[in-house]
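Shared chain: subunit A. Partners: subunit B in the first complex, subunit C in the second.
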Partner chain A sequence: MKTALKIRSQMLAGWKVALAYKFDFLVQLITNPISVIVYYFLWKAIYAYTGLDVISGYTFQQLIDYFVFSLIVGMIVYSDIDNWMEHNVVHGNVIQFFLKPISYLAEKIWFEVGLKFLDIVIVALPLIMIAITVFGTKLATSLPMTLLSFLMLILAVIIGFMMTYLTGLIAFWLIRIHGLRRMKRAFLLFLSGGIIPLTFFPSWYQQLSHFLPFEYMRFVPINAYMGRYSITATGFDNVFIVLGMQILWVVVLYLIAKFVEMQAFKKFSGAGA
Partner chain B sequence: MAKEIVTIKNLTKTYKTHERKAGLMNAIKSLFNRKVVLKHALKDVSFTIKEGEVVGLIGPNGAGKSTTIKALSGVLHPTSGVVRVLGYVPWKHRVKYVKHIGVVFGQKQQLWWDLPAIDTFDLNRDMYEVPEKIFRPRLKRIMKMLDIEEVAKTPVRDMSLGERMKCKLAAALLHKPKLVFLDEPSIGLDVIAKDIMRDFIIDANKKDKTSFIVTTHDMQDIEHLCERVIIINHGVVVWDGPLKEIKKKYLKNKIIDVKCESPIGKFRHKGCKIVSNDKYELRIEVDTMKTKIKEVVSHIMKNYEFADLVINDPPIEEVIQKIYREKKK
Partner chain C sequence: MGKNFKLWMNSLALELASDMAYKLNFFLKVFALFINNLLGPIATVFIYQHSAGIPGWSFPEFILFTGTFTLVNGITHFLFIMMPVRVIEAVRDGSFDKFLVQPFNTILNMTLRGWDLDGLGEILAGLVLVGYGIFTVGLAEFTLLNVVLYIILILFGVLFQYCILLIIASCSFLFVRSYALFELLFGMEKFARYPIDVFNMALRIVLTFIFPVAIASHYPAKTLLRGISGLEFIYIALPVIGFFIISLGFWIWAMKKYRSAGG
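Let's look at the complex of A and B:
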């Protein structure tokens, strides 16, 4: 109950900060669907040129659906918290957060949730509407799979957040991490299947990818939603196995983040704050 | 007998910094070979503070005042020593501990930058778990006292330095902390705002029995607020005692600066020492034990055509030097 109040306080802060910059969201609302339109015509041409119905396991319609979901999942999973953390360190106001009766990690998580909320309402929902009417995107019909994939989406958000938090912690040593943040962003986009589905990658990488955290941030929850995993399949086609891998990565990344955080705070509080 | 709420014993803080000489070549050199310098911010600092006290922590720049405050507020890990505040070890029980204190860092941002201050206040209500019934009237009272009812509605980034300071002060006291640290709280405040701030602090001290530790360069702040003063220099406590005693022992002298439009010539008066005389500008040190300030001023008014006259306390550095000299004897 008491913690709930603190959480609400941080979420409200994020929500209000997001609202303070309404215009930025309006721009996102307009620009975000553009990439789907570009992909639509690009892949239409590719499918027509090759004459194939299925490329790397996707029909044209499925691929467009993948891009629509990928845009939304990417928006929800993508975290900007390292930017805030860098800003705090550069401007010397990390202290502000250490004086709050809440852990630094929790503070950042719930602020992020508050910030994101507006993204989801203002950008993601209209996008789904447009996709259904314009691109003929179909929503999943199986209720258990839908619920399961929503659970996977939440885990994906946590994985993405932990990696961003780790990047942000590096600012405690390097102060400015702008380049690092851009690199992180590009890597995560590409390796999580944000530009093309991972089935287009060489098979050795696809095998390796199952053991890395990246595909669990985007590729896996989308494909779960699209019904590409089953309960009966073996290996990494089994929905419970990929779910297990996701949970494993959440735990591992959390432990790493906590460890690095300890070092970062030691460095911060040792260096005269 | 009031309760002891702060205990510091042999607090020491040493940290490493990197020395670098000016210039481009040295900047490049430092990329490969950095010289590590140990800086002793605090050396064996010990003192205690009782409930309801307002203590001034003073000293020249870089003396270790802020470092002490940071160690006390749980932000800094000291190198060694014992610190106990309200029964907590600040840096160990940080999350539980900070609920009971309020902190204002004059030079740091502490409010949500993009939001009106009133939003930060509301968010802090939940963060510090203050029931709405208690919070609302308290907020109203505090805002009225600090005269920020209107400014609090504008985003913090649009506020002036002084407005921001007042809002920070409000935010630090809303949850009725038992102990408040104020690090340079009078930066950017005009004379009226300073008065408001001082009254506010005194009120909180009287009504809620809130204890304060204040660092400042403004001797006026100290005189108005503190009954007890701790002077720190080079990370060492050089004086810990009542303000009255300092005044009696070390602030006997006043400095008078006189500016004249015509050459001043010679000046002579009982109990006065001429510090400098630049023909048009005269600085005298008055020993208030030997003569009254009033007499000196009226002497100047009678005999000189002055354009400006300012009476000041000697700078804190001088007081520290005097204390040193006395200790050596």
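Let's look at the complex of A and C:
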């Protein structure tokens, strides 16, 4: 009961912060469809010019659907928690968090969950509606696969969160990590398949990518939702194998985060408290 | 002129000093922008490997296109991007009054404080991409006239982006939350990421005449590669000049609405 109360208050704090930025969310409501429009015309021209129905395993419609889902998954997986952590360190108010009856990591997780609600309600849902009505996007029809891909999305969020948390912890050493955050964001976008699906990448990288955490943050959950994995296939086309890899990465990243956190808190000297 | 130049250089020195306080972070910020702007072109390599690419643009030509856009963004970022930020912050905490009484033209005063040295990373990436494009297409393909027109159109591209910044800054006199406008107006810039030939006629007209973002990438790159007629030059330059006049007018109108919050 006490834990539930702690979680509730952190989520409420995140929700309140999100509300303060509601205008920024509304702007995304306009800029996201712009991205889809640009992508739509670009790829329409490329498919027509190339004269193929399928490029790198995707038809034109599938590629547009992939991009729409990618925008939504990217938005849900994206975390800004390293920004808040840098702020905590720069302003020296990390010490306050040691007084709270909740761990620093847990505090950040539930704060993030609260922040995310508004994202989903006022950004993701309208985008999906627009995609369905304007761009002909179809939702998945298989219920088990849909449920499984939602589970994968949650795991993707955790993987993304842990990496962002790790980036944020670096602030305990470097203080200002703006540059690092910027680099992290771009690499995660690129390597998770946010610019183009990973099937466009060289095949050696596609093989290597299965063993790295990045594709599990975006590419894998989307393709699971689009029905590209099965329960009978072998290797990394099998849905349980990719799910297992995702879980493995969650555990590994959690352990690394906890280890680095221990070092960071040792390093922290309480200046500015 | 002298006093304005001195203000410009002094604000550069201040910006440099603040970045040097966290040197590693500064180099990472510049390096990050440099790398970030090369990731898109790497994706382009993959696209051209798997398809015929963008109609009418060979791979090196498209890299030249992307490099031009990156360069324009970089120059705007380096020289002007902090201008609206300074205005928004000053209006919010009431210190804008101080700029009004200083012996400088207010727009110029704020503009000369627009430095953001991170932009260097973007400028460098732009130069690398344009350089790659030019040498791969072949130096012999470029005439001196086209190079000169290219540089002029790049400056027009920067001017257009400056107008956007001016509009964002002006909005801070009208309502407090004007940061979201950055996202909104630069969201429109997404249309400039690819050649406007890929869009339909209606969008092409909008992107050339009404909200002329294509001036920041498409027209300079096309001019460098294939030249431009005098008439064409006029019809792509005029909307930008029009946009500049409108945004200046908007600033003057909005500043009249300014009420000091500092009291």
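Just so it is clear, the second predicted complex is superposed on the first by the 268 of 273 C-alpha atoms of A that agree within 3 Å, B and C clash if a C-alpha of one lies under 4 Å from a C-alpha of the other, contacts with A are read in each partner's own complex, and residues count from 1 in each chain.
We take it that a contact is a pair of C-beta atoms (placed from the backbone, for glycine too) under 8 Å apart; a residue touches a chain by one contact, two chains touch by 3 or more.
Every value quoted in this text rests on a predicted model; they were computed, and no experiment measured them.
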Clash or fit (per the criteria above) of subunit B with subunit C on subunit A: fit
Contacts of A:30 with subunit B and subunit C, given as first, second, both or neither: second
Which of subunit B and subunit C A:146 touches, first, second, both or neither: neither
Subunit B versus subunit C as contact partner of A:206, first or second or both or neither: neither
First (subunit B), second (subunit C), both or neither touched by A:100: first
Touching partner for A:83 - first (subunit B), second (subunit C), both, neither: neither
When both partners are placed on the shared chain, which of subunit B and subunit C touches more of subunit A: C
Partner chain(s) touched by A:238 [first = subunit B, second = subunit C, both, neither]: neither
Touching partner for A:179 - first (subunit B), second (subunit C), both, neither: second
Which superposed partner A:55 touches (first subunit B, second subunit C, both, neither): second
Where subunit B and subunit C come nearest after superposition, their Cα distance in Å: 9
Footprint overlap on subunit A, where subunit B in one structure and subunit C in the other make contact: none
For the subunit C and subunit A complex, residues of the former touching the latter: 22, 24-33, 35-36, 39-40, 42-43, 46-47, 49-55, 177, 179-181, 183-184, 187-188, 190-191, 193-194, 197-200, 203
Parts of subunit A lying in touch with subunit C, wherever the complex brings them together: 23-24, 26-28, 30-31, 34-35, 38, 41-42, 44-52, 55-56, 174-180, 182-183, 186-187, 189-190, 195-196, 200-202
In the complex, subunit B residues that touch subunit A: 13, 15-17, 39, 41, 67, 70, 73-77, 91, 94-96, 98-99, 103, 105, 108-110, 112, 114-115, 119, 123-129, 155
Complex interface listing, subunit A residues touching subunit B: 2, 5-6, 8-10, 12-13, 16-17, 20-21, 91-93, 95-96, 98-103, 266, 269-273
